[in-house]
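Order of writing sets the labels: A, B, C and D. Residues in every chain begin at 1.
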Amino acid sequence: MADDQFYRDYILDHFRHPRNYGRLENPDIAHEEYNPLCGDLVGMDFRIQDGTIEDVRFHGRGCAISQASASLMTERLKGMPLEEARKITKEDVLAELGIEISAARLKCALLPLKVVKVGAYGLTDVDEEEFGS
Amino acid sequence: MLATYDVEALRQDFPFLQTGVAYLDSANTSQRPRQVLEAMERYFTGFNANIHRSAYRASEQATEAYEGARDKVRAFLNAASRKEIIYTRGTTEGINLVAYSWGRQNIRAGDLIVLTIMEHHSNIVPWQILAREKGARLAYVDVDEQGLLRQDQFETLLQQGPRLVCFTQVSNTLGTINPYREMTASAKAAGATVLIDGAQGAPHLGIDVQETGCDFYAFSGHKICGPTGIGILYGRRELLEAMPPFMGGGDMIRAVRLYDTDYAPLPEKFEAGTQAIAEAIGLGAAIDYVQGVGLDAIHAHEQALAEYALEALSEVSGLRVFGPPASGRAGVISMWMDGIHPHDLSTILDRHDVNIRAGHNCTMPLMERLGVPATARASFYLYTTRKEIDRLVAGLEDAKRIFG
Amino acid sequence: MLATYDVEALRQDFPFLQTGVAYLDSANTSQRPRQVLEAMERYFTGFNANIHRSAYRASEQATEAYEGARDKVRAFLNAASRKEIIYTRGTTEGINLVAYSWGRQNIRAGDLIVLTIMEHHSNIVPWQILAREKGARLAYVDVDEQGLLRQDQFETLLQQGPRLVCFTQVSNTLGTINPYREMTASAKAAGATVLIDGAQGAPHLGIDVQETGCDFYAFSGHKICGPTGIGILYGRRELLEAMPPFMGGGDMIRAVRLYDTDYAPLPEKFEAGTQAIAEAIGLGAAIDYVQGVGLDAIHAHEQALAEYALEALSEVSGLRVFGPPASGRAGVISMWMDGIHPHDLSTILDRHDVNIRAGHNCTMPLMERLGVPATARASFYLYTTRKEIDRLVAGLEDAKRIFG
Amino acid sequence: MADDQFYRDYILDHFRHPRNYGRLENPDIAHEEYNPLCGDLVGMDFRIQDGTIEDVRFHGRGCAISQASASLMTERLKGMPLEEARKITKEDVLAELGIEISAARLKCALLPLKVVKVGAYGLTDVDEEEFGS
């Protein structure tokens, strides 16, 4: 019943007070991903300058895991060269969340990563399994 | 609740309940009593052989147990003949069998198929596929604010002379018990063929298919204390006789020649290949078990639980509860908590050893209609206790504390 | 037989064998070791919940076990991806799935479908139904006097550019092991899609689907020490991706709207409704068990038994034995005794506690070709002993005495 | 292993030396039934006079049970009024065979009865189940 170990304060904090929440005007890239199974939605707008993510905002709705994961992701992305962002892995995301994500919730946690990979890099042929499908 | 209903005694029969988990997901799949596991075990250890095909004693014993289970199902549904009882993998396969075999033979371009907005995907998708293939039309009966089917709409649709009417006996999301007898009578009077999805009805209410007068009735073993991998399609004999086979293969034939085949009589015509033998035997034991407890007693127990739960949940602030009052519902309660996604609720409840379903319950059109992406659903069965409902409420309060 | 092959030790794992019956009907359905029963029991008692749909631990454990079994099957077949492994009820459903989904999309009027005369009804009837519906043609490869497929005929038929070629890896009546790698290579070179019926191949030989290069491969759990109610269809990913779904319902969807549906990715696209969860887990344990013994060892054991049996049976006067020499056959021997119908043989053998199959073995066209109405068939598996074959021979002699 | 209890001498005797075996010339009624599952075949030719079965012959092939049952049936039928033959039941047939017929062999034992009922009485809508299907 150690629920606090799961919904750690910083996760709930990111859920309640999402960082970089909102939209950008005339973003260089904008992409949304939706999980119809639970209704989770995450979208991101990017401003790119000289191959670097100068600004990023996210919007969406859904469970604490998907929204906190999106908020954490934007913090990581800001100021990051595109080349580097391309290399973010599933493991990176899970490490940052810092809690043990069960198989059933993996999709929630990885939805923001999917937005980055599919949207910002135009990977249309992604392996759904990589994102917990 | 009946004075004689001893839920604690019944719970002793269910191995998984001994883990101490409050299992409130029986509408998803039920627990199975040791009587069912033992019936399967007896087959595996005592007369483990294929059925119908061989002439030695183990095979005959297996055939007898398998066909004996069919007789139990016939009696359970009060079907007129054992030929009307077809083994399937579950409700989904039963409905697909009707869509493929009866549907492709009988549905024509322009025909109307009436469904309801509370249907499970299994009672929607096969009809979408059929309608697209044949150029038929689908129409849906809506629900009112209480979660009851709009009977006025249903009557209006019947006036259009639908070829087929399909609806669920009990909603797996709202818990609504539909007036299935009256709806069947109206639909039959309008000349329609009627299929009832009994996945949630058979385990909790049962049915008398002759009295009801439906043409098809499908249910799953795994929701009625039976094993996975087995289910039943009841079909009126006259219809089944006229239908082409669904799958082709062993056992559904009378004679196979190189370029044509004579099919077997009912029910084998629809049972191609080696069947789920152990599972059919287990289903027979499950029917025995459920009938031993008594459908009336089960329903009374569940309705008392629903009343208790609706009362307790009404005290939880910020919680929206869907569906009708306890008197018109089975032991299924779907909820939405402001500010907490059902997935988060489910995860927190799991940490309290309370198991509920979070998601769309395979009823996405209904979710859309209710205006929520998903719900948290608690569902009860013959072994559910008030104490488990108390644990659910405590878990919900804790979730509010964490997210508060 | 390998020196290390300890059949008596293996027999201890099989509860039904402890009854003392000489079970010589494994080509019909195999016995199941306690390891398989225990794996199912663990699910029923420890984490009895539905899969995929819920976010609590029992459900996740069930999902893990169910998907873990899929991984085992993938490795067993050496498929490239777990997405290529579809759960079915058995071989029959697997073949029907291909006939309904791939077949209705790809077979056109005038197309040629090549089968063989030794096919099981499950690999004939679905193609007859499809061919009739589409106006396609069927052609059969014959057998020679030894019971080997006429490869010359096969090559001639391939020159006609068939759209589809379906054949069994091992004949369930003759025991013939077909040159499935070579036949697949030729058929693929001729541009055909290739389906192999692995019902008798998977349990005794196994297969490497990538090396073989077949497009579809179907087998049944109940013949490979697994439970009833479960089977596997392997399909090449490219084909499965392009195919429409077979059955519609829960779990095979991504999003359902009132009038249309997005389907789920593989493998769920082909797994509508609640699956045979316990049975899939049991199949995983069966694959572990069979691989633990070793396919090579099993095949060597069975071939030694076949050699021993063919030798012993050749001493029985008036007995006709069908099929090729031991070197080219699996542990399946079909017989015809002059003056004694197979049914009578089977009844008498049963009174000796020897269980064999009497009938057409779901291969009526082959019976016609062999010129017999039925055969008596003895079939072996990893737990069969020479002593059981001796008992078979003694029973046959007794039948002759009774009918003499 | 009490096989003699099953294949009793008189059953084997009827199988080896079938009574009334053969065909009639210009029979008043002739009918065959076939069980494709095991290849059992039984046919009967009847000569009827004044509502009585004056003569009957059977032919066929198959297992000892089906053939002995046919042979026994012809003995019973000879000289029997049609009205009476119409009333022969499954139980009568099994009693006459005098051995315990298992479910799997029931069809063999009842094939001759089916010939009588379907053939001689034109019952086309028979319930297959009655004959062990």
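Operating definition for what follows: a contact is a pair of C-beta atoms (placed from the backbone, for glycine too) under 8 Å apart; a residue touches a chain by one contact, two chains touch by 3 or more.
Computed from a predicted structure; not experimentally measured.
Enquirer: Give me the step distance from subunit A to subunit D, shortest route via touching chains only.
Expert: Minimum step count, subunit A to subunit D: 2.
Enquirer: Which chains lie in contact with each of subunit B and subunit C?
Expert: Under the touch definition, subunit B and subunit C have A, D as mutual neighbours.
Enquirer: Quick check for the class: compute each chain's Cα centroid; which one is farthest from the centroid of subunit D?
Expert: So the chain farthest away from subunit D turns out to be A.
Enquirer: Roughly how many whole angstrom separate the Cα centroids of subunit B and subunit D?
Expert: Distance between chain centres: 46 Å.
Enquirer: Roughly how far is subunit C from subunit D, centre to centre by C-alpha average, rounded to an integer in Å?
Expert: Spacing between the chain centres: roughly 38 Å.
Enquirer: Would you pick out the residues of subunit D that each touch at least 2 other chains?
Expert: 36-37, 102, 105
Enquirer: Multi-chain contacts in subunit C: which residues touch at least two other chains?
Expert: Subunit C, residues with two or more chain partners: 54-55, 57, 59, 255, 343, 347, 358-359, 364.
Enquirer: Using the touch rule from the top, collect the residues of subunit C that touch subunit D in their complex.
Expert: Touch residues, subunit C against subunit D: 340-344, 347-348, 351-353, 358-360, 364, 367, 372-374, 398, 402-403.
Enquirer: Which bits of subunit B are touching subunit C when the two form their complex?
Expert: So the residues of subunit B in touch with subunit C come to 15-16, 19, 21, 23, 25, 28-29, 31-32, 37, 41, 44-50, 53-59, 89-93, 95-96, 99-100, 117, 120-122, 124-126, 128-129, 138, 140, 220, 222, 227-230, 245-253, 255-261, 272-279, 343, 346-347, 349-350, 355-359, 362, 364-365, 368.
Enquirer: Residues of subunit D touching subunit B in their complex?
Expert: 36-37, 102-105, 128-129, 133
Enquirer: Mind pulling up the subunit B residues that touch subunit D in the complex?
Expert: The contact residues of subunit B facing subunit D are 54-55, 57, 59-60, 63-64, 83, 254-255, 262, 265.
Enquirer: Using the touch definition from the top, list the residues of subunit D that touch subunit C in their complex.
Expert: 1-4, 6-7, 12, 36-40, 61-65, 102, 105, 108
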